[in-house]
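Before anything else, here's the structure in question.
For reference, chains read A, B and C in written order, and residue numbers begin at 1 within each chain.
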Amino acid sequence: MEETILKVEHLYKLFRSREIGASEETAIEMLQQGLSPAEIRAKTGIVVASNDVSFEVKRGEIFTLIGLSGSGKSTIIRCLNMLHRPTSGHIYVENEDITKYDEEQLMKLRRTKVAMVFQNFGLMDHRDVLSNVAYGLEIKGVNKKERESKALEMVALVGLEGWENKRIDNLSGGMKQRVGIARALANDPDILLMDEAFSALDPLVRNDLQFELLGIQEKMQKTIVFITHDINEAFKLGNHVGILREGEMVQLTTPEEMLANPADDYVRKFIDNVDSTKVLSVKNIMVTPGAMIKAGDGVNIALKSMKSNGLSSAYVVGEHMQFQGLITLENALAVRAGQLNFEEAIIRDIPIIKDIHTPIADIVNLAANARFPLVVVADDGSLQGIVSKAAILSSFSG
Amino acid sequence: MKKTIYVLMTLIMAVALTAGCGGPDKSAEKTIVLSDAGWDSVKFHNAVVSYIADKAYGLKTKVVSGSTPITHTALVRGDIDVNLETWSDNIASYKNDVAGGYIVELGVNFDDNKQGLYVPRYVIEGDEARGIAPMAPELKTVADLKKYSKLFVDEENPAKGRIYGAIPGWAVDEILFKKFNYYGLNEQYNYFRPGSDATLNASIVAAYAKGEPIVAYNWEPTWLSGKLDLVLLEDAPYNEKGFLEGETAFPSVRVTVTANKNLPKKAPEFTDFLKKYHTSSALTAEALAYISENKASYDEAAVHFLKEHSELLDKWLPADKAKSVRSALGN
Amino acid sequence: MEWILDFPSTIRLDFTKQIDAFIAYLNVHYADFFAGLKAILNSVIGGIYQGLELIPWWLLILFVVLLTKKLVGRYRTGLLYGLLMFLIGAFGYWHMMNETLSIVITAVILSLLLGLPIGILISTSVKVNSIFRPVLDAMQTMPTFVYMIPAVMLLGPGKVPAVLATVIYAVVPVIRLTSHGIQQVDKEVVEAARSFGSSRWQILAKVQIPQALPTIMAGVNQTMMMAVAMVVTCAMIGANGLGMEVLIAINRTESGRGLVAGICIVIIAIIIDRLTQSVSAKGGR
């Protein structure tokens, strides 16, 4: 889960506008000598889209790239499936340098490992929903029955059952993008590239789709590279966020970190627009409880755990991490003194959060009235983490 | 940059204006409008008459082109003054127009021409120089064609032979078609409509160059009849009634000089000349052959023709006018 | 100062002799090739004509009525077209209509067989496009007779050069619009297809052509219209049919006859136009 699936090293991408004159390589030298992209453009007509960009993406994570128009994000994401050929630099997908691939290998890459979702959907309006979703499989030569069944699966996954045979022009923007996502997923790629995928949708729809994407991600654990110009979106979705300016990576870190420590004024201006409580969610601030004991361990172990961690409570879980409750230092001492039995000492009445994507804004009230930190529990009842009032408070800063 | 453009433009305008101011305005003089229905011989005659109009009478001439029906309509309306080659039997309304007084028949240009069905000479006699053996040695008359339908095979419909007819819509086309039926040729031949004389001539020239058999309508005088060695198939002697039913040979057509009714008033002396304008099919063919051989222009051929046949000037013109033309030629 | 206005006419550029000689050369030395070409075209044209002649008139009318219903959607239009066709027959022009149709259909088939691939080819490359543009312009504007008379010399008069003349003129719209349609396809859709690993050929066949289909069909429609428009010119090089009828009427100044034959040509044009437009409107399924 922690392996690097995508690595970009010193990616340069330059575009020539004139037939004659300086080459892109010369322009790279000029960059390395310290000239700015604006100066280079004035002198040679060469546009610097990506200037020495490097980053790594771990398998299963969502990496968002944010920047204004012209920051190079569209170019960079297109290098990741080689729709643009980098001028210089390397891109490793599962440790293979795709910049060295020939046309056939690239076709294979695009058919099996990397799929893309587009801002304006890129759907074929002469085909219906199902055959759009099945397109990638059709390209691979999968037979009709198989690809239609897989496509139906994907259609259901994105919530469009019943719409398989409708024509594309009958769909709303949000629905069209779901088709786009279904199409990308139908290929079962390891990496999903999303080019401002929700930027063309209105805010309510955008919100829904962001949420759904996270839901799909839970299920399918794809690696996603998502570019956007909306800082809120970037923070909401990304495990890691990279900010681009004029082709250069200005800061690359987690949303919380960026909020807490913006690298420079440019970043600061960006995050000024962020309402962190709406953007940050439980997953950004929850932590693993320091003191955790199994139900059968008994009160002494509980006290020991509390002592060594310097905490005044310990969480009690079952065999498979099933959350059972909390035992306070007070109660534990009472149990040892024989005043209470262990089972009764466990406080079970703790507010529970089921969804790690719940925006912090939504749990503020809950936390304010709670005696103890909120507990995050998964569908199967297992303990995921805890959210303390202090953590909530500190997310307000920045 | 802008200034240079302005200066340049002013210069050009100045030149244009000054150059345009030539001598005195000549448009007050009368212009005679001649008809050109498209074929070579009338263009030649137009050139001859233009030359004389200029040198003898100081008249300017202008030529208006168009197809036969259009130029004839123009003649009747007065947009055209004179047609030097009115093939009177090809124009359906001719007799009526003369009778109604819209047009005036000034005279006959020539009336010794021939038309009918022709075959290249090598079809009958062969051509040793080209290595062609005689293909139809006994072909002499139109009736004889019955024997040779396989020779003149129609490639579009190989079951039958092909006879190239006249230009569809010409009066002669109807008569030729009647002839076709009269001789029973419809059983073995298709009557092929070439559509235009350009197509007809191209077909004949192409076949001739390849030494292939072909039987086609044509007429004299043309550059074609002057240039290629074609034999006219004989037919029954002419009588008017029989001819209209297609039973006889074609008479020579009265190719007349016809003018709009206003011309005699407009240019009386010139009209007198036109009344006397008489050439012959042979002379015309000779001129056309000259043009073809020497790639001459019609004007050059006209000058050559007048030099070669200067006795005609005495027939056409009063003595003093003839003298003016001769001295112009003498230069 | 006059010399500025007169073109330097002492320079007498003249290629005419060479061109004449070249055509004469082709005529004599390549006779077999042209004869072969003529035979092939003749058999196609003849075949279509025979086919049309075999279909009884009422069956053809019925076919048109039903086809109209299917493509346009209304019986009323279908019956109208059937009636108009019946009118052609009533004027006595049924067989001539078939002759004209055999030329038009052959020309359209050839135009599409040539034009669609060329249109696709042009769409792929700016350089190829810039080579073809002036050629296409010439094909549409060069006076027909200029190249038809040599064609008549090489191929004989009649339906064969008529088909060729029609193709030269009528193939241009389908080439232009096919190329244009393909180039106008949404760039993002093409990019999406590429991003899914489509090969060049797959992009062309599965995305660009289907997306461009309405425009391509407009090109096909225009090609058909131009083929019908050439009918009278075809008569001038010896092709029989309604065009010849119009030509005869013109030459005899028989306006009524010309108008009636002309109306029949118009009827054919209207029916073809409406039917092919309906295919275009329904778009690629």
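Remarks
Here is the rule we go by: a contact is a pair of C-beta atoms (placed from the backbone, for glycine too) under 8 Å apart; a residue touches a chain by one contact, two chains touch by 3 or more.
Computed from a predicted model, the values in this text were never measured in an experiment.
Between the chains B-C lie more C-beta contact pairs than between any other two chains. Relative to the C-alpha centre of subunit A, the farthest chain centre belongs to B.
The central chain of the assembly on a C-alpha centroid basis is C. Centre-to-centre separation of subunit A and subunit B, using mean CA positions: 89 Å. Centroid to centroid, with C-alpha atoms defining each point, subunit B and subunit C lie 34 Å apart.
If you average the Cα atoms of subunit A and of subunit C, the two centres end up 58 Å apart.
Listed in rising order, the residues of subunit C touching subunit B in the complex are 1-2, 4-5, 17, 24, 27-28, 31, 38-39, 42, 46, 145, 149-150, 152-154, 156-160, 234-240, 244, 247-253. Subunit A meets subunit C in the complex at residues 81, 83, 106-112, 114-116, 118-127, 135-136, 138-140, 183, 187, 193.
Residues 15-16, 18-19, 67-69, 73, 92-93, 155-156, 167-170, 173, 192-196, 198-200, 202-203, 205-206, 209-210, 295 of subunit B are the ones that touch subunit C when the two sit in their complex. Subunit C meets subunit A in the complex at residues 186, 188-189, 191-199, 202, 206-207, 210-211, 213, 283-285.
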